[in-house]
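What follows is a group of structures, each given as structure tokens.
What follows is a pair of complexes built around chain A, which joins chain B in one and chain C in the other.
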Partner chain A sequence: MELTLDMKYAPSEDVVARVIEDELIIVPLVAGIGDMEDELYTMNETGKAVWSRLDGEKTLRMIADDLAATFEAPPGIIEKDVLGLIEELVRRKIVVVR
Partner chain B sequence: MMKQNNSMKIQDFPLWDKLKTRRAVISFDLEITARCNMNCRHCYINLPAGDRDAKARELTPAEISGMADQAAELGAMWVLISGGEPLLREDFPEIFMTLKRKGLLVSVFTNATLLRDEHMELFRKYPPRDIEVTVYGVTRETYERVTRRSGSFAAFWNGLNRLLDNGIKVRLKAMAIRSNFRELPEIAAFCRAHTKDYFRFDPQLHLRFDGKERRNGEIRAERLTPEEVVALERADEERMGVLRDKCDDLIHRDFAHNGCDHLFHCGAGNGSFSIGFDGRFRLCSSLWAEGTTYDLRQGTLAEAWYHFVPRVRALRSRRPEFLETCSKCALVNLCLWCPAHAHLETGELDGVTPHFCAVARARAAVIQKGEGQP
Partner chain C sequence: MSYIKKLLPHEFNNWQNKRPLLGQLDIELTERCNNACLHCCINLPEDDAASRDREMNTDFVKDVLSQAAGLGCLTVRFTGGEPLLREDFAELYEFARRMGMQVILFTNACLVTPELAVLLARIPPGRVLEVSVYGMRPESYDRAVGRKGAFEEFRRGVSLLEEHRIPFIVKAALLPLWKEELAEFESWARTILHMDKMPGYSMNFNLRSRRDNAAKNATIAGLRATPEETVSMLLRNPHFLEELKQFCRKFMGSSGDRLFSCGAGHGACIDAYGKVQMCLLLKNPATVVDLREVTLKTVLTEVFPAMRESSVATNPDYLRRCARCFLKGLCEQCPAKSWMENGTLDTPVEYLCAVAHAQGRHLGLLGDNENAWDVAGSGARHSG
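Moving on to the complex of A and B:
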């Protein structure tokens, strides 16, 4: 399925996201997430900003627009980055389409 | 520019560096029961499986959930479910999933004799970080001499094979005790053949949490002599190599706490803690002394961690015998002595324990002389 900015995503129920010491940590709950054993996931500040907006209600375009306004960054670059991040998270089954 | 998300092995995670800079919770042990279906001669905790009083005092899943929430809030990433035998509890799957859903990495210690289809389905779908199984023997005679339960070897064998056949990450370990001493080479070979990453054996036994003299006598009878402990370690090239490589770090005059009367120089209560089956918080799994435990049913983990632990760690000794011996000993890293084990041996946190001392000296002699080197 091709990813577009009009799609809505939410965190998978097969992972648990935690914030420890300002680090966002995503812990796989089930088998088959990730490519290697003992794997955790973390994100940088902007990745965290995307993650916190993934509620299954907002489209990726709405999230990108919000981020562009918040970070005063060009919308085109932000949209590309949001798509890239979500593509990776979908591949790893960390987020699911709604 | 937004970066892609990062995935990485646990040991490479940058969070650990952050946590090292302050006294943070990283992991904890959760003894969900003190009861066990076996009756191992050397065990420091096992109560009978049918002990109604012990069962009645066990934490409920709701209490465990609340304590795990508090632990996660303090930053804990790992939890080890132990016992007793954790699979004795019918609600084990509920407890396991409760901890998993907190985002904790869950390890399990089990004797593998009670594994049912339900457990296997659970572990296949929601893998524990690892499962550690102790191999008491690789023949029925030896295994059941240790466990004192007829049929336990067949149950263990079946359970272990089910774990391995289902691809569950298993770590095997052994206790080196009098009852299995002659079979230890075969036990070690078996463990190394079936364990994925490492095998370890423990030749040092500490006494029981409940201080029962008859059972403590059984544990003492299972202890190997210092010479036997050293002989075992010398026969293990990997273990001996590490000990020799670390010799300068393990035996150092700076470890002698000259002029310091503090009891705790170990890591107890630094980064980890234990929760007992009845909700008692302990700085480590061995520390049961009166005044050093905190009832989490009556208070909070934050109170225990930030206020109670520092008070315990500030305890000092006035016993000349201790201050002139163990307190000043540079062999402390080769010794089982610590305030917790001293209490179990002598009833005092600063008691001197000649058996531990003899083992430490024998180990040091071998390491320093380089005996057994090729």
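Moving on to the complex of A and C:
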């Protein structure tokens, strides 16, 4: 399925997201998300900003627009970042399409 | 460009100087056990009603887990006794996982059921299970754990783990009665998917951690490997000598009169009855705190740091020997072992002293008749 900015995504129920010491930590609950049993994930600042807006209601475009306004950044760059992150998260089964 | 980064739990605990207040929580879910191992420092009978009635209930354990998660804890170790004896084990396990914690489970595997195996496959612990082994044949195993049919249960439990592809490793309590089966054990261990190194052995068994059974202590003492046997067992690992030398370069040197030069109190261990201990072994009543009276955060930020700071050795024998001994890094002497063995926090444990000296002599750090605490200028001996 091709990823587009009109799609909506939400965190998968197969992971638990935690904020520890200001870091976002993704803890897989089921097999097949990480390459190893005890693997966790963390995200950079861009990732954290996107993750906090992934609610299954907003499209990726709405999230990108919100971020562009918040950070006063060019929408084109933000959209590229949002799509890049979501692609990684989809591949890892950390988010699901709604 | 990658937006997400893989991280292992221990990496997070030292990552970007952002150590959570609590990295790992240990919980002894029960002191009762389905086995009655000869060498065990903690086990009570499975049907010990007095112990069962005092155990933390489900809600209490969940509250402890919630508190731990709130302190940044990423890993909980369930141990015992045999943790699978608790009827609510599956509920507690799933609760911990859904709080975003990885679970380390110490078990003898005898009580693994098909239902539990399905749960562990559906929601993997995130860490390999650690299965203790007490023999490779029914006669020896059943004798070591004190009941008939245990070996069959153990094999059935392990088969269920294998069948459901649940990652586990094995480790062994090396009792004299099954020493002849060692090669068979190691050969089997090599066939286990997640065994990427030699199995760990316990052989310098601890005395009863609650100092509750003098007769059993005598039995345990009789089952311990001698210092020489310990060295030869350790040498079975081809990497042991080099690892030990590297370890010595980093960690040798005396600790002075500070009792808690170890990690005790930096983490927390909850006993079966809701008391917080500084480490898994230290059950001295003067060093534990009831979680019904204070929060885990208070224990970690106020109570344990104060205990660590104020605890100094006063026993002249300890000050003459342990406080000055450069083999400290090789020796398992600690307040918990001292308590189990002698009933104080600062009495040298003669057995552990002998084991450490045997290792020191094997490494060439000590002459045959030398005591490590008498060696002046010991730095040169362990830095090479």
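The rule is simple: the second predicted complex is superposed on the first by the 97 of 98 C-alpha atoms of A that agree within 3 Å, B and C clash if a C-alpha of one lies under 4 Å from a C-alpha of the other, contacts with A are read in each partner's own complex, and residues count from 1 in each chain.
Heads up, the rule we're going with is that a residue touches a chain if its C-beta (ideal position, glycine included) is under 8 Å from a C-beta of that chain, and two chains touch if they have at least 3 such contacts.
This is a predicted model, so every value here is computed, not measured.
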>> With both complexes overlaid on chain A, does A:Leu89 touch chain B (first), chain C (second), both or neither?
In response: both
> Is A:Ile20 touching the first partner chain B, the second partner chain C, both, or neither of them?
Replying inline: both
>> A:Ile78 in the overlay: touching chain B, chain C, both, or neither? Say first, second, both or neither.
In response: first
> Who does A:Gly47 touch here: chain B (first), chain C (second), both, or neither?
Replying inline: both
>> Per the contact definition in the header, classify A:Val30: touching chain B only (first), chain C only (second), both, or neither.
In response: both
>> Residues of chain A that sit at the chain B interface in one complex and at the chain C interface in the other, please.
In response: 16-18, 20-21, 23, 25, 27, 29-31, 34-44, 46-47, 81, 84-85, 88-89, 92
>> Touching residues of chain B toward chain A in the complex: what are they?
In response: 1-11, 13-15, 18-19, 24, 72, 75, 77, 100-105, 124-127, 129, 169
> For chain C, which residues are in contact with chain A within the complex?
Replying inline: 1-9, 12, 15-16, 18-20, 69, 72, 74, 97-102, 121-128, 167
> Once bound in the complex, which stretches of chain A touch chain B?
Replying inline: 16-18, 20-21, 23, 25, 27, 29-31, 34-44, 46-47, 50, 77-78, 81-82, 84-85, 88-89, 92
> Which bits of chain A are touching chain C when the two form their complex?
Replying inline: 16-18, 20-23, 25-31, 34-44, 46-47, 81, 84-85, 88-89, 92, 94
